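Paired with chain B in one complex and with chain C in the other, chain A is shared by the two complexes that follow.
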Partner chain A sequence: MRQIVIAILGLALLGGALAQQVRIMGYGGQDPAIKVRLLDEVIGASLEAEGITFTYEPLEGDYNAALFNALSAGTAGDIFYIPVETAPGIIATGKVLPLDGLIDTNAFIDSLVEAYTVDGTVYGIAKDFNTLAIHYNIDLFEEAGVEVPNAEDTWESFADKLRGVAALDADVYGACFPAGFDRFGAFAFATGWQTFDATGASNLLDPDFVEAVTWYTDLVREGVAIQPSDIGQGWTGGCFATDNVAVAIEGAWILGFLRNEAPNLQFGTTFMPIGPSGERGNFLYTVAYGVNVDSPHRDAALRVLEALTSPEAQQWVLEQGLAIPSRTELADNPFFLEDTPEAVANAVVFAGADDGNVLGFQFGTIGTDWMTPVNDALVAIMTGQSSVEAALTEAQRDLDALIQRAR
Partner chain B sequence: MRTKRADTVAAYLFLLPFLTLLTIFFLYATVRAVYFSFTDYDLFREPNWVGFRNYLALFQDALFLSALRNSVLFALIVTAIQTFLALVMAAVLNQKVRGIGFFRAAFYMPSITSSVVITLIFLWMFQRRGLINYLNESLQRWLPILVAFVLIALVLQVLQVLWERSRALPARWTDPALLVVSLLLAGAAIWLLTTLGMLSPRDVAPVDFIWLQTRDTIPAGAPFWLSVPIPLAAIMIQNIFTTIPTFMLMYLAALQDVPKSHYEAASIDGATATQQFFRITIPSVAPVTFLVLTLSMIGTLQMFDQVAIFGDAAPLRSVVTLAYFVYNRMFPGAQTPEVGFAAAGAMFLALLTLAVVLLQRRLVRSEGY
Partner chain C sequence: MRAATVAPTTAEQRAFEHWQARRRWARAGLVYALMLGFAIIFVGPLLFATISSLRTDPLAYPPTLAIPQLQPGNWTAAARLGQAGARDRWFGGFAPGAVVPFEIAYFVPDGIEVIEPEVVVPRRRPGAGLGAVLAIEFAADYAEVYDLRRLPDVPMTVGDGDLTISGRRVAYAFEVRYLGEGPEIDRLPLDVTATVGMRYLESTLTASRLERRGRTASFDNITPGVLGYVLRNYVRTFNEVRSPATLQSLFLVWIGNSFTFAFFRIVVTLAIASMAGYALARLRFRGRGLIFMLVLFSQMVPLQVLFISNYLVLRDGIVTVGDFTLSSLWGYPGGMLNSLTGLIFVTALNAGAVFIMKQFFESIPREVEEAAMIDGASHWRRYWSVVMPMARPALGALTILTFQGAWNDFFWPFIVLTSPETIKTLPIGLLSFRNTYGAVGDWGLILAGAVMSAIPVIILFIVFQRYFLEGVSFGGGKE
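So, the complex of A and B:
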């Protein structure tokens, strides 16, 4: 028995000395399975040849809290996810390795590199990205005799089409509109409004912002759109899968969900409607890999980072319908030209990043707390508890206090 | 002498594992937290001593004041209601009835079910089109029929009792046999009335009471310190539901020790069941009441999990409690953690809990228990 234990320990030590074990910390959910498959099917062999392996450690629950804890305690992985919305805060801890001169950032889409640049230094390489698009239920539009949404739709024509479908039945809705800035913001940007103005302040009483809030919440009050929770769903993808909601405004992440939850749903995808500014609005959502400044295997970690963001890995992720590649060279991807609904959806989401007023899903060092007052206001208006003006005035007050605190 | 010293050493040896854990995870952690509460520590930079600045900042923070109000109201209201209901339920379950074991087990279920699962289920029930609004609507719809049923049954019961008494037979107003007849006859009458179309459910608008996504408070327009946010009331209802059984069990144990002779003596003196409950049951279980009040106060003042699971379903300000405030400042949405500020909040919560328990002990003591 003892010999066996010693032998196992010896082997483990030997293995440890030969192979460099890189730890990656990231989201839970489907990510652990994806990483294992990526390792097994795409990049594992070449890394192994260099004596490098990696393990993926999902942080379940509140990723941000868990990562801050791990970074402070010195237990964070050699590589970790940096969500774009929390990037300024994570980089401000000083625990993220500057990548200038270590990784060639020219190969990646500029706006994605910018989102992870602080004072001219790059701290993260976007693993992929997403934008919002209109996914529509072809059968519902056909049944209602309404033309499906298209790239020429304005807010008005888009709303009219939703009204047409919603008129089908009391249980049928044009769209699910969550009371959250993480989706609504795209419409606010379509008016030309920006999260922070030139002075670094957020103006919620700007006529453009008020117009967007009014349009968005009026559709809910009118009964054309509905909050997901009011039909027992957690998000608009869930609404869409019920077959009773005409459109879902989501990114390419909805594709995997639909494949599992609503495999028979016939859907198409088109661009966000054109707003009053004559442009579309959109969010750029992304997550990057960052390297731990205290990593004992820095070189191996950088090598793994390169492999994870390599063209082969990104092509595989794209073809699995998981996310859109962050490398510019993959822009003219034959996969985007295929005729399947999923390929079309991916192409639209990809093109969305460069069409109209597109802003990163980012709120400076204030982080996602920025959205709380706005979300509260949206709820109050949608449920008829408050007028647009009163709700936004209160939200502006809360937001000013928040920004004041963060400084 | 020697054996005595050996005993002491042995005792400490047995205590050692626990003392070690206590020192590391409680004493050391507490001392660190107290120290941090006087600094501007943020997990990453060296802490600087700032004196009482964090404590002063607490009382200028709108979210903290909401949390303080919510925690205190939550503790007072929930403790009062659940202590009383736990005692009533224990008294009910302390009967010698066939199958009481089943009821005891069934009533205890909410306490052994995971708090997370129950909170999720309640989240669904509190939706705008959830079960609670539906029940409310149904009740309003069927109210005329219900009222008619109760009235008819009441009249029948009175008539029967009077008839029995007119024949010089002893009959109580709540005579079970007569009650069964009254209820059956009332049921038949209602069936007849509805089939004939003389009685029908009312047409009511769907109840659209917003339990969660609201900043409204009850009573509406009350001063800040006395108004309960509606989402917090929803959490109160859920918390009372899940914690009653635990305290009920303690009361049930205490009730088993109350001598039957007291009740027999009271019955002979003509005391009613209600009088017996207030004059015998409540005084007899007073020590357990102190325990229940203390545990309930501590538990409710430190309530965290239900707020955390409610998450985005309700506005933070309407449900935040002191314990959640500490977490929220420790891990704000992507800002650098405010460890010093959060630690000050945690210290305040600890002192508040201690003060409440000491005050309660003094109050209960002075009443002579």
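So, the complex of A and C:
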């Protein structure tokens, strides 16, 4: 009996002591260390003054699966990351606190807020973001005597430049084009095509989409572009690091990889080429902080969310070269004006968020499964197993079935 | 039928026997070749992974087994350079007072102008892991390149047969010195950039990679020391994988957790399985058959069916009455998730182990126990002093199988141990490498970690092979 009393007392005391301990669940990788430094150097003092502290719990492996498990088991953190591609699904669980009236969303980039808005209600504040940009290998362009890509390039002039570099050597290609909508989609958007039309359907047989697929896959069939796996690489960055391709179409995440794998690579970064619509297309990849609706410390959690997305915190993260801020006011940060390749790349990626047809990397409640039929079609066309028309007709059929099931 | 009626001549006889012998050998040869083939198929990947784990870039394509880390010339150079850099021939470094001599040689075809290469100690920041986030010291801030001089040229030709290029070997020597006072830095990177046409041949230490289409020879660390060079990825696993808050080496903590988990799981499994096995084999009581069936049944139900209920039991601290949880009696008032105790608790009961022990006890002659019974021994006494000592082979086999199971267990640790990092076991910890290092193409740490995690099981297998086989036969036959 005494033990029971002690246990209950202990529990009560423990509960009191931990009242302001906010748990954050997010990605593994660098994020745990970034959070520790943010807490130590930037936001810890002001939070501590209010009696709040936080712990960071990285979810390793498949983040989305782990988060859904934690949400259903009731062990999810007070704050958790909401990846943009699964945001509609996570919000649909009803476990995310609506932030209207609790957090001022005006200071953040509109398209980022939009990606986390469902039926007019905001559920997440973007932590940082990425878009695609053209990173080019200066040595290869110089050797081939071809002008490096620039912001005025159209699809045609861009392809011509790639052809020029590809002619240099047998093992040099213009670009690595993966058979995946997660990169190709940006080109589809450059035609004015959208993932979902007004009726909520996806039309893969739209002439615009067909045009984009034809342009993208023709470059591969012509031998100017190549799939990464064909030269023993897992992704575009790998092709780029080994001097095999003239350009890599990736976000700012390629910078850390290049620092490790090709520290001497001379590269520059510019905007995506202008598509047939006269606009560029781009994806917005992002992740947001959301607050758990069941959180026992909701106010403290909101306070931590505010601190993590505060101008000071975002400026620190930017100046450390760790991520690109989601606040519009940081557009003028001196870091973006520096002359280093990394700073230029970050500035281009930042500006990509509202340049042309930019759509979130998002597929409604269907999630990333949406891409499977399209990716299969791209593989079939690139490897010559199927014509553009036949492959897209089949993809449309599979996709319709998928959307039907999801409803 | 000829053989039956007409006696074969000696010569024919001999030829026939010879043919038979050849056929026997051919058969044996085929079987051995097959077994050798299987062995290569199964051991090959392990060997390849082990060798790749030594490389700077394990994913380098095309894959090869001839790697600089296995060349003795590089070992002595690494030791010498480590000594010059920080008076440490094993792990190297770059300390005040260091003077590091270095040479690099190029092949220059006739007709190509030789221009002195540019030697730089770069400010190189890691792309992944803690190094990318925490503030670090750069060797570039303390190092200076001195005395770059051209050594005498040596004429040489490259290529073979019809296609040869004549030219000369152009070599340069220089020193990298530590200027003034400062901290000891663990690595000294170096970039040497030559003009187009000059081809890198060799250097004191083989270049980590050639970049810019062969123009730049890039070195991750020119003062590595032998171990720092050959086992670079292994050293990094211990040095770089640290808790961001306390800077404690996580890899060591995970190994410790794995051993603790395996040890207690063995103890608990042996105790429960031997007692249950003994009871089911020897004691006559009502419902014995039913209990045995239930034990077997629990083996038949897939883990996935039970795991949600077991998870909830752990999460809620077994039994909850109001604010009271049963697990608070042993110090876990808030449930037993994220504790090794919880993990041991949920994985302790193993129907397979009970079955092995029951089968073994049944194989021990009853007479042995009857003799003890006549001397007045109780059930407990008979179990503990008579049967258990005889069960040593079975317990040995069970220990090994349990250790192997616990050491490699992924599913339950993954479910139960999520936070903090210091509570994880080795397989779960290694998973975090994929996000941290795999994402930026740095697969060396993952391979090194995986190879190290395989070592205890390999040692165990080599030392206790016999018990493994017995373990299998206990489960199978009733002998």
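The definition used in the following text is that the second predicted complex is superposed on the first by the 389 of 407 C-alpha atoms of A that agree within 3 Å, B and C clash if a C-alpha of one lies under 4 Å from a C-alpha of the other, contacts with A are read in each partner's own complex, and residues count from 1 in each chain.
Just so we're on the same page, contacts are C-beta pairs under 8 Å (C-beta built on N, C-alpha and C of every residue); 3 or more make two chains touch, one makes a residue touch a chain.
Everything numeric in this text was worked out from a predicted model, so none of it was measured.
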Let's test your reading of the overlay: on chain A, do chain B and chain C clash or fit side by side? clash
Could you tell me if A:Ala401 is touching chain B, chain C, both of them or neither one (first, second, both, neither)? first
What is the contact status of A:Val36 with respect to chain B (first) and chain C (second): first, second, both, or neither? second
Regarding the shared-chain residue A:Ala390, is it in contact with chain B (first), chain C (second), both, or neither? neither
Check the residue A:Leu337 against both partner chains and state whether it touches chain B (first), chain C (second), both, or neither. neither
Considering only the touch criterion stated at the top, classify A:Gly232 as touching first (chain B), second (chain C), both, or neither. both
Between chain B and chain C, more residues of chain A are touched by C
Examine A:Leu205 and indicate which partner it touches, taking first as chain B and second as chain C; both and neither are also allowed. neither
Touch check for A:Pro88: first (chain B), second (chain C), both, or neither? first
Taking the superposition as given, does A:Gly367 touch the first partner, chain B, the second, chain C, both, or neither? first
First (chain B), second (chain C), both or neither: which does A:Ala167 touch? neither
In the superposed model, only one of 8-16, 98-106 or 206-214 in chain C has C-alpha atoms clashing with chain B. Which one? 8-16
Overlap of the chain B and chain C interfaces on chain A comprises residues 231-232
If you look only at chain B, which of its residues touch chain A in the complex? 43-44, 62, 124, 127-129, 210, 213-216, 312-313, 315-317, 330-337
Where on chain A does chain B make contact in their complex? 62, 64-65, 68-69, 71-72, 85-86, 88-90, 92-95, 179-180, 227, 229-232, 363, 365-372, 375-376, 379-380, 383, 385, 401, 406
Hey, which residues of chain A end up touching chain C in the complex? 3-4, 7-8, 10-12, 14, 27-30, 32-37, 55, 57-61, 66, 70, 73-75, 139-140, 143, 231-234, 237-238, 241, 243, 253, 255-266, 320, 322
Contacting residues of chain C [partner chain A, same complex]: 57, 59, 61-62, 122, 124-130, 132-134, 189, 191, 193, 196, 209, 211-213, 215-216, 218, 244-245, 311-312, 315, 323-325, 328-329, 333-334, 337, 414, 418-421, 428, 431-432, 434-436, 439-442
